[in-house]
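Two complexes are shown next, each including subunit A; its partner changes from subunit B in the first to subunit C in the second.
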Partner chain A sequence: METYTVNITGEISEYQQRDEAIAAFAKLFSISPAQAEKTFEKAPIAIKKNVDLETADKFKEALIGIGVECIAIASSRAEDLAATQASVYSAEPDVSVQNNTSEPDALAATPMQEDEFKGFEFTIEGDPDYGFVTVQLPADKTIKVEASAMATMDTNLNMKTKFKGGIGRMMTGESLFINEFTAEGGSGEIGIAPGAPGDLSHQYLDNQTIFLQNSAFVACSEDVIVETKWQGLTKGFFSGESLFLIRCSGVGDLWFNTYGAIIEIDVTEDYVVDTGNIVGFTEGLDYKITKVGGYKSLFFSGEGFVCRFSGQGKVWIQTRGVDALVGWAHWFRPVKTNNS
Partner chain B sequence: MQIEFVHQPGNTAAKVTLAQGETCTAESGAMIAMSGNMDITTTTHKKGSAGVLKALKRKLAGESLFLNHFEPLNGGGEVWLGTALSGDMFAMDLDNENLIVQGSSFLACEDTIDVDMGWQGFKSIFSGESVFWVNLKGSGKVIVSSFGAIYPVEVDGEYIVDSGHIVAFNETLDFSITKAGSSWIQSILGGEGMVCKFSGKGTVWCQSHNPRSFGNAMASSLRERRA
Partner chain C sequence: MKTEIKGGKAFSYVDIELAPGETITTESDAMSSMAADLDLTAQLNGGFVKGILRKFLGGETLFISQFSNNTDGPRALTVVQPTPGEIKCVEMTGDMLYLQPGAFLACSEGVKVGLAWAGFTSLIAREGLFRMVVSGEGQVWYGAYGALIEKEIDGEYIIDTSHLVAYEPTVKLKLQLAGGIFSSFFGGEGLVTRVEGKGKVVIQSRSISGLAGWINPKFFW
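Entry: the complex of A and B
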C-alpha cells in the first residue's frame, strides 16, 4: 500500500499571524513553542511519515486549520527528498524535549519526535497515572522488553528469552530476563505495560548513556545496550536502595517507567533527590549518597540518605515511591501472635 | 514562597520555590528532590524550639511528628514534595485563622504558620484510631494532601463526615462525634461506626478515599509483622 509523508513548507497562511500559528502548532503536537519555532526554522521538514492517505489528510486538514502550509506526498517520492535533507535531520537530534504535562490530544498521541529520530513509531497512552506504550515494529525488527511487561501483541511477533546482563541483573532484584520480540514476515505491534501504575517516558539515545534505577527499565530497541553497573559498595550500601543501576547506551529508543508521575529536572549545579524517588539520570552527572542536614535530620527527618547530583545533565524523578507505600502499608500488617 | 502543582490529581507533586530568606516547613519524609543549596533542619515543631522527647511521647503509629525546615542558602531554591499515597493536593492562604488538618494530610506550610501538633480536639473520642490532628495557626500559605481526590464541603448548618474522609476544616466549625445510624448497633454493623458532625459556618475539605479502608483491604494479603 502506498504511504504518505506530510511536510510543512515553513510558510504560514496569509490569513494567520506567524506567532499564533506556531503556538497552535506547538499545542497540536504537544511540544513547547520554542521547539515548534525550531522545527519551523528547519522547514521544509517531514512531520509525519509513512501514514496512509486518510491519516495524511487528517494531518493536512489540522495543519491548514491552524494556518500552517503543508503538503502530503507519497513516501516513495519523499525518500528522494529526505535523502537531500538527511543532513538536516541528523544535525540537530535534540529537538525533542520530554513533555509530560501535556494533555492527551487527538494528534498529540503520536508526538512528532519519533519521526525526527527515526526510531520506532509508538504511542504512550494513559500517562501520567496509568501509562502504557504501544510500539509499531517494522518487519524483522526486534524490541527488547522487560520480562512480563508484554501485554498485547500481533500474532506474527516471535518471542525469544535472552539472558541479558548476567549475574548482575539477577542481583538488582530485577528479573534476570529480557524478552526479545521480533516482527516476522511483516510489521506488527506490541503493547507494553510496566508493573507499577505510573508514568512512561521515552528517550531516543544517540550514542548517549542513561542510567536507570533497577525497576525503571521497560523496553528498548535492539541496538541499545543494556548492562548493569556496579555502584560501589558505599554508594549503594547506605542508600537503602538496591546496589545496581542499569546502564543503557547505544543508538535507539528507550522506554522507562515510574511509580507515580515523572518529573524531568535539568541539573546545572547541584541537585538533591531522595534515593527512593530516583528514576534515572544521564551520564556525565556525578552522584554521591549523602545525608541531609545534621545527624538529627538523619534519623528524624524521614529522608535518611539522599543522592546528591552535580554537573550538567538530566535527572528524572518520580512523584511517588514504592518503598514509601510499603512503609505506609507496614502498619496494616497483621501482628504476629506469640502463642502460635 | 511559590507553590506549583504538577500531575494532578493522581500523582500530584508540589514544587515549592523559595526566595532567599524564606523557609518552608514540611512533614518529615515529604521531600522528593531539592536544589543543592537547600538547608534542612529537623525539629519537633516550630523551628527554633527543641523537645525531641516531648515529640516521642506523642508519637503514634505510622506517623512521625517531626518537621523539616527547608531554607535555601545563597540565593533561591526549590523543593519538590510528594506523599506516599497517590492523590491530590491543594494550597490555601491562611489569614490569621486556624485550620485543623488530619495528621497524614498535612504536607507543608510557610514558617509564619504555627504548627501545633498537640491539638487534642478529637483525641479522647477517637482513641484506638491512629489519627492525630494538626492545628495550623497564623497567616501564610499551607499545602494539604489527600488520598484520592479532594472536595470542599461548605457547611452552613449541620453536616456529617466520616472521620477517615476528613482532610481539613476551619476551626470556626463546631464538631461533635456521633453515630451514623439511629442506633449504635446499626452504626457499628453498617461499618460507619462513629462519624463527625460539624455545625456552624465554614468549610470541610474531604478526601474521596479513606486510607484506613485501603490499608485494611490490603491487610489480609500482607505478611505478619512482629508487634
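Entry: the complex of A and C
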C-alpha cells in the first residue's frame, strides 16, 4: 500500500500570525514553542513519515486549521527526493500530491484581522448553525443592534432605544426599535444572538449600499444609515418577505443573519433566486419579479415567482426559506378551538 | 465507558458505549436508541418529595432512567436532548457546577445531581426558583437550544435572561434592567442578569423567545 509523508513548507497562511501559528503548532505536537520555532527554521521538513492517506489527510487538516501550510507526498516519491536532497524535502508544487489552499472555514474562529484597521474587532462563534457575534467596542463608540438581539455585554455598555426606520419598519412586522449600545468610560464587548437559527455574515461598508430583506438586519456601527425602502407594490407583494427592504448605507460594519447557511454570489450576468431565499444584495443590481417558465410551471412546478437580478454586484442567499418552515410547521401547531 | 458527542452543533447527540457493569443516568426520554440487552430502571429523581420538587421547580422530570450493562460485552446507547442545539460534556473532578433548569441531560456514576435554591432573583429572571447542582466525580452532559459558548468571567458581565446555561459556584447572579425604564420595556431587552465573580459561564447562542419572535409573525393564520 502506498504510504505518505506529511511535510510542512515553513510558510504560514496569510490569515494567521506567525507566532500564533507556531504556538498552536507546538501545542498540537506537545513540544515547547522553542522546539517548534526550530522545526520551522529547518522547514521544509517532514513531520510525519510513512502514514496512510487517511492519517496524512488528518494531519493536513489539523495543520491547515492552525494556519500552517503543508503538503503530503507519496513516500516513494519523497524517498527519491530525499536521496537527492538529504533529509530536506522541496516544497515545489510539482511534488505535492494535492495543492493546499487555506480553507476559510478553518479560520472562521479567528478574529477577522483584515477588518481590524477599519471596523470593529469581532469574532463569530457557533456558526454555521447558530452564529453568534461578539463585537469589541472601543471607548465611546456606539453600535446599533436589532431589538432584543443582545445576549451578553460588559457592564459599562449603556443601552438606549431609538425609534429608527419610521413607519416603514412598523409595517415590515419587525420590531420598531433598534437599540444603541455605547461603551462608556472604556472599551467593552457585546455578544449578539439573532432570533433565527442560521449563520451570520459581516460586510464592511465603504460608502456602498446594501439592501437586506426585513428580518436579516442584526447590527451595524453608528455611522451606517439604516432606513426602510418601499419596494413598489408588485415587487414587494411577490417577493415573499414584505413590502419593504432595509437599506444600509454609509461607512462602517454591518452584520446580517440568515435562516440556514449563507451563500455569497457574485452576479455578473442575470441570476435567478427564489424570492424566499434572498437575504440581501448590493446596490446597482436591478431586480425584477418574474416567473421561471410559462404559466403552467408557475402554478405546478412549486417554484412560483422568482427574483431575477441583472447588472453587477453581490447577492446573498440563505439555504432555507422561512415560508417552507412555516408551511411545514403549521400543521403541527396546536389548534385553538373557538367556544363562543 | 467510551463516549462521543456527534451530530454537530445543530442536532447534537451523545454516542455512548457502556463496558460490562457500567451504568449511566439520563433524563427520562433522553434515550433514543440502545442495544436490546441493556437494563433500564426508571427511578424517582432522588426520592418522591425531591422528585416532585425537581419536576415542578427544577424543570426536570419526575423520573430518571438508569441504563446498566449487565452483559459481558460492550453495549451502545444514544442519548438526545429534546431541543435542537448543542450538547457539551463536562468532566467533574470534585468541583461543583450549577445548571439552569432543563439543561441537565445525563451523567456517569459518581456524579451527584441535586437541587439548590436559586433565589427570587432567579425566578424573576425567568430562570426558575431552583437550579440544578452537579457535583462529584465523573462526566456530566448538558445542552440547550443554540450553540454553547464558554466564557471566562472576571468581574462583572451582563447576560440576557434565558441565555445562561451553566455557571460555576464562584459566579453570583444579580438582576437589573437592561437600560433605562423606557429602553428596558420598549427595547425588547427588559431584565438582564448581571453575573459577578471569577469563573466560567456557559451561554447558549439562541433562545426560544428569540425563535418565537422571529417565526411567529410569519404565520399568516
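Just so it is clear, the second predicted complex is superposed on the first by the 214 of 340 C-alpha atoms of A that agree within 3 Å, B and C clash if a C-alpha of one lies under 4 Å from a C-alpha of the other, contacts with A are read in each partner's own complex, and residues count from 1 in each chain.
Assume contacts are C-beta pairs under 8 Å (C-beta built on N, C-alpha and C of every residue); 3 or more make two chains touch, one makes a residue touch a chain.
Computed from a predicted structure; not experimentally measured.
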Task: Could you tell me whether subunit B and subunit C fit or clash when both sit on subunit A in the superposition?
output: fit
Task: Identify the partner contact of A:Asp129: answer first if only subunit B is touched, second if only subunit C is, both if each is, neither if none is.
output: both
- request: Please work out whether A:Ser310 is in contact with subunit B alone, subunit C alone, both, or neither, and reply first, second, both or neither.
  value: first
- prompt: Thinking of the overlay built on chain A, is A:Leu53 touched by subunit B (first), by subunit C (second), by both, or by neither?
  reply: neither
- prompt: Regarding the shared-chain residue A:Val292, is it in contact with subunit B (first), subunit C (second), both, or neither?
  reply: first
Query: Does the superposition put A:Lys160 against subunit B (first), subunit C (second), both, or neither?
result: second
- request: Identify the partner contact of A:Ala261: answer first if only subunit B is touched, second if only subunit C is, both if each is, neither if none is.
  value: first
- prompt: Looking at the overlay, what does A:Arg333 touch: subunit B (first), subunit C (second), both, or neither?
  reply: both
- prompt: Thinking of the overlay built on chain A, is A:Val272 touched by subunit B (first), by subunit C (second), by both, or by neither?
  reply: first
Task: Determine, under the contact definition given at the top, whether A:Leu325 touches first (subunit B), second (subunit C), both, or neither.
output: both
- line: When the two complexes are superposed, subunit B comes to within a least CA distance of subunit C, in Å, of 6
Message: On subunit A, which stretch or stretches are contacted by subunit B in one complex as well as by subunit C in the other?
response: 129, 325, 329-330, 333
Message: Taking the touch rule as given, give the residues of subunit A at its contact with subunit B in the complex, in rising order.
response: 100-101, 128-129, 198-199, 260-261, 263, 265, 269-274, 277, 292-294, 296-297, 300-303, 308-310, 315, 317-321, 324-325, 327-336
Touch list for subunit A against partner subunit C, complex: 125-126, 129-132, 147-155, 157-161, 173, 175, 177, 179, 191, 193-197, 215, 322-323, 325-326, 329-330, 333
Message: Quick check on the complex: what are the subunit B residues that touch subunit A?
response: 6-7, 10-13, 27-42, 52, 61-62, 64, 66, 68, 80, 82-86, 130, 211, 215-216, 218-220, 222-227
Query: Where on subunit C is subunit A touching in the complex?
result: 8-10, 84-86, 146-147, 149, 151, 155-160, 163, 178-180, 182-183, 186-189, 194, 203, 205-207, 209-211, 213-215, 217-220
